[in-house]
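There are two complexes below, and they share chain A, which is joined by chain B in the first and by chain C in the second.
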Partner chain A sequence: MSNLIAIFFGMALVNNMVLAKFLGLCPFFGVSKKLSSAVSMGIAVLLVMLVASAVTWPLYHYLLIPYGAAFMRTVIFILVIASLVQIIEMTIKRTNLTLYNALGIYLPLITTNCAVLGITFINIDQAYSFIESLVAALGAGAGFTLVLIIMSGIRERLELADSPKAFRGTPIAFITAMLLGLSFLAFKGMI
Partner chain B sequence: MHTTLTVVLLSLIGFIAGLAIFLASKFLPKEDESLAEAAKIREFLPGADCGACGHPGCFAYAQAVTKDKSVFTRTPCPTLAQDKQGIKRLEEHLGLKAEATIGKKAVVHCTGGSHSIVAYEGLESCKAAVQLASGFNECSFACIGMGDCVTVCPTGAMTIDPERNVASVDWSTCIGCGLCVPACPQHLTELVPADMPQYLACNYLSKRDIPGRKRCPDGCLHCQICVKVSADGEVTWDEKKDLPYFDPTRSIPAPAAIEKCPRHVIKKSPAYEEPTVSPGSDSASEE
Partner chain C sequence: MHSFTKNFAKGIIRSNPTFILLLGLCPTLAVSTSLDNAVGMTAAFTFVLIASNFIIALLRNMIPDRVRIPVFIVIIATLVTIVDLMLQGFVPALSKSLGMYIPLIVVNCIILGRAEAFASKNGISDSIADALGIGAGFGLAILLISFIRELLGTGELALFGHHLFSIPGFSDNPVAIFMLPMGAFFVIGTLLALFRWMGVSKGE
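== the complex of A and B ==
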């Protein structure tokens, strides 16, 4: 149990997807302008990470390894995750319109998100068991959401701040990300 | 041999994934046909997602219209209602005629009566000023007057009265888009029906705090006399906010309340019309 807790917080804070592993930077800058869209994006990523981990783990251990095709994992995982997200989006669109309005546009964006692909590889490289990889995905998603929310909160205030003209917009966001990354560096070595 | 196996495996996984998508699209409950219809209606809408109609965006409004056509006849898109040709195009598409073209207008719930107690020399923005102890006015609910609403207003209907340092709305140019509502950090702007005859020019909410009189010469006293003098229920009391409440679905003038208010804080809106001697059966039965 304590092992699972360590994995969760390790993935959420110490090995944070965005600020320590530098994965998923695209939505980190693209969707962090408004708090509300950042929350939707974060939850969508968390959901897809969880489902992707749940599907790719058995696929890798029961199909790719026995048949000696482990070296093809990148291609196969992309294929599986992409079709999976397609199905999820379709299901949400046809069964729950309210949820689709909230998450819908973010789901196709995530199909090609490297953070989602990254977590499935981390699960395998770290030799996590099935339950452990689910917890790791949950932690990674939670960490991603946390960072996205922090970043959007800062950026909403930065809009008002009196920053030099040349730095307005994306440049100041890069500098903010750097400072945020430094502060998350403090978690290094805790777990 | 090993290569062949890998190729077969990869093709198989690809095939299964494709099949799964096919089966999902085949056997999942069919997509609402209304979605396609709503997408068509959206083509006619302004696409500003302003929310003035009361729906969270143009597409949501289109969906509501698809589901129930009378939504359009009762509450036509207020932004489109300004554009005669645009609304005609949508009317032709739906085969309907918009009955009520009563849009919405913005009001500001403040008279700007309270004085500033500190000199503020920060960023010229209401949002920034509010970060410092709810602004610099004696009344912490008052209009900041730095014009965040003026900046967002697309038609220039919002102006800041330089004397009282308070925002005011010109109803002749206000299109009721509602962009000023989220822009105000004090939540003073509100959309009301364009035929609303009066509004309360105070937003002194605090229930446990001392009444408005201590903070502002115009502040609501919470005396509820406006409720007592309105026999038809033109004015009711909003217990949650502890302020008078005007039912937006009725829009009836409340001349007695306007006159009797000791702080004269219930203001006539430009839509106010002196009620004639017998406005209807209501007052007749009363007498």
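== the complex of A and C ==
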């Protein structure tokens, strides 16, 4: 159990997807201008990460490994994620229209979100068990949502701040990400 | 021939993938800790981009419009697998230090973006010129970032084991933060601001 807790917090805070591994930078900078869209994007990524890990783990260990096709994992995983995103989108559209309106436009973008493909690779490379990969995905998604929310809060304020002309917009967002990453360094002692 | 040079040149500055379009930042920032990594990533990335643009331009009239994105992704994923296996076989050390960022070229938005925006609408030679230009632009950007990070972060420069240059008295006490992930954010943020100030790119 303590092992699972370590994986969760390690993924969420110490090895944060965005700040330590540079995965999912496109949504991190693209969707962090408003708090409401940041929350929706974070939840959508968390959901897809969890489902993708739950599907790719058995696929890799019970299909690709026994048939000696482990080298096919890149092709298989991206196809699985692309179809999963499509299925999740259709399911949400049928069952919960409010949720669909909130997440709708973000779901297709997630197919090419490297954080989702990244977490499935990390699960394999770290030789996590099935439960451990689910916890890792949950932690990674939670960490991604956390920094996205923090970042959007800061950026809403930055819009009004008087930053140097050349830095306005994206450059200052990168500098903010750097400071955010510095503060996340403090979590390193946790594990 | 005119369109070949035009398509080649636009990728380097006017629509530089990293500094102007801000696409595909994940590998650029993640592996730019050393020049070796930058050269390796540029080679892998450019190979995949040229090959995918070539194949997609070749098949553009055969791919049904409705399933074009999945088809593009399968083509790119296959090429990435080839590159991944070649690196593992011939340069295992480089493959190890680039790690999972090689398979992650699949979800690099630049490659899918060029397939969708350019190669699926243009001829073979134009598509290859476009790929070469974008590859060169990507390479220049990642080399510039890794040059700054390696020089300031370790105080010296080395390329594939050959020592190139070191700042006297600096390599004992380098600014180690440039080797950390935060250093990459700082370098790219400052470079973007610098290019705006110089008027290369437009501000907001």
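We adopt the following convention: the second predicted complex is superposed on the first by the 189 of 191 C-alpha atoms of A that agree within 3 Å, B and C clash if a C-alpha of one lies under 4 Å from a C-alpha of the other, contacts with A are read in each partner's own complex, and residues count from 1 in each chain.
FYI, a residue touches a chain if its C-beta (ideal position, glycine included) is under 8 Å from a C-beta of that chain, and two chains touch if they have at least 3 such contacts.
On a predicted model such as this, the values are computed, not experimentally measured, just so you know.
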- Task: Assess the superposed three-chain arrangement around chain A: do chain B and chain C clash, or do they fit?
- Result: fit
- Message: Looking at A:Leu79 after the superposition, I want to know if it touches chain B, chain C, both of them or none. Which is it: first, second, both, neither?
- Response: both
- Message: Quick check for you: in the superposed arrangement, does A:Phe9 touch first (chain B), second (chain C), both or neither?
- Response: neither
- Message: One more residue to check, A:Ile122. First (chain B), second (chain C), both or neither?
- Response: second
- In the superposed arrangement, which partner chain does A:Thr95 touch: chain B (first), chain C (second), both, or neither? first
- In the overlay, answer first, second, both or neither for which of chain B and chain C A:Ala20 touches. second
- In the overlay, work out which of chain B or chain C sits against more residues of chain A. C
- Task: Mind computing the angle chain B to chain A to chain C from the CA centres, in steps of 10 degrees?
- Result: 110
- Task: Return first, second, both or neither, reflecting whether A:Met178 touches chain B, chain C, both chains, or no partner chain.
- Result: second
- Query: Regarding the shared-chain residue A:Phe187, is it in contact with chain B (first), chain C (second), both, or neither?
  - Reply: neither
- Message: Just to confirm the value: shortest Cα separation between chain B and chain C in the superposed three-chain model, in whole Å.
- Response: 9
- Could you list which residues of chain A make contact with chain B in one structure and with chain C in the other? 72, 75, 79, 82
- Message: Applying the document's contact rule, which stretches of chain B touch chain A when the two form their complex?
- Response: 2, 5-6, 9-10, 13-14, 17-18, 20-21, 24-25, 28-32, 56, 59-60, 63, 123, 125, 127-128
- Message: Give the list of chain A residues in touch with chain C in this complex.
- Response: 19-26, 29, 71-75, 78-79, 82, 111-114, 117-118, 121-122, 125, 164-175, 177-179, 181-182, 185
- Per the touch rule, the chain A residues reaching chain B in their complex are 59, 63-64, 67-69, 72, 75-76, 79-80, 82-84, 86-87, 90-91, 93-95, 97, 101, 160, 162
- Message: Show me the residue ranges of chain C that touch chain A in the complex, using the header's touch definition.
- Response: 22-23, 25-27, 29-30, 70, 73-74, 77-78, 80-81, 84-85, 100, 103-104, 106-109, 112, 180-186, 188-190, 192-194, 196-197, 203-204
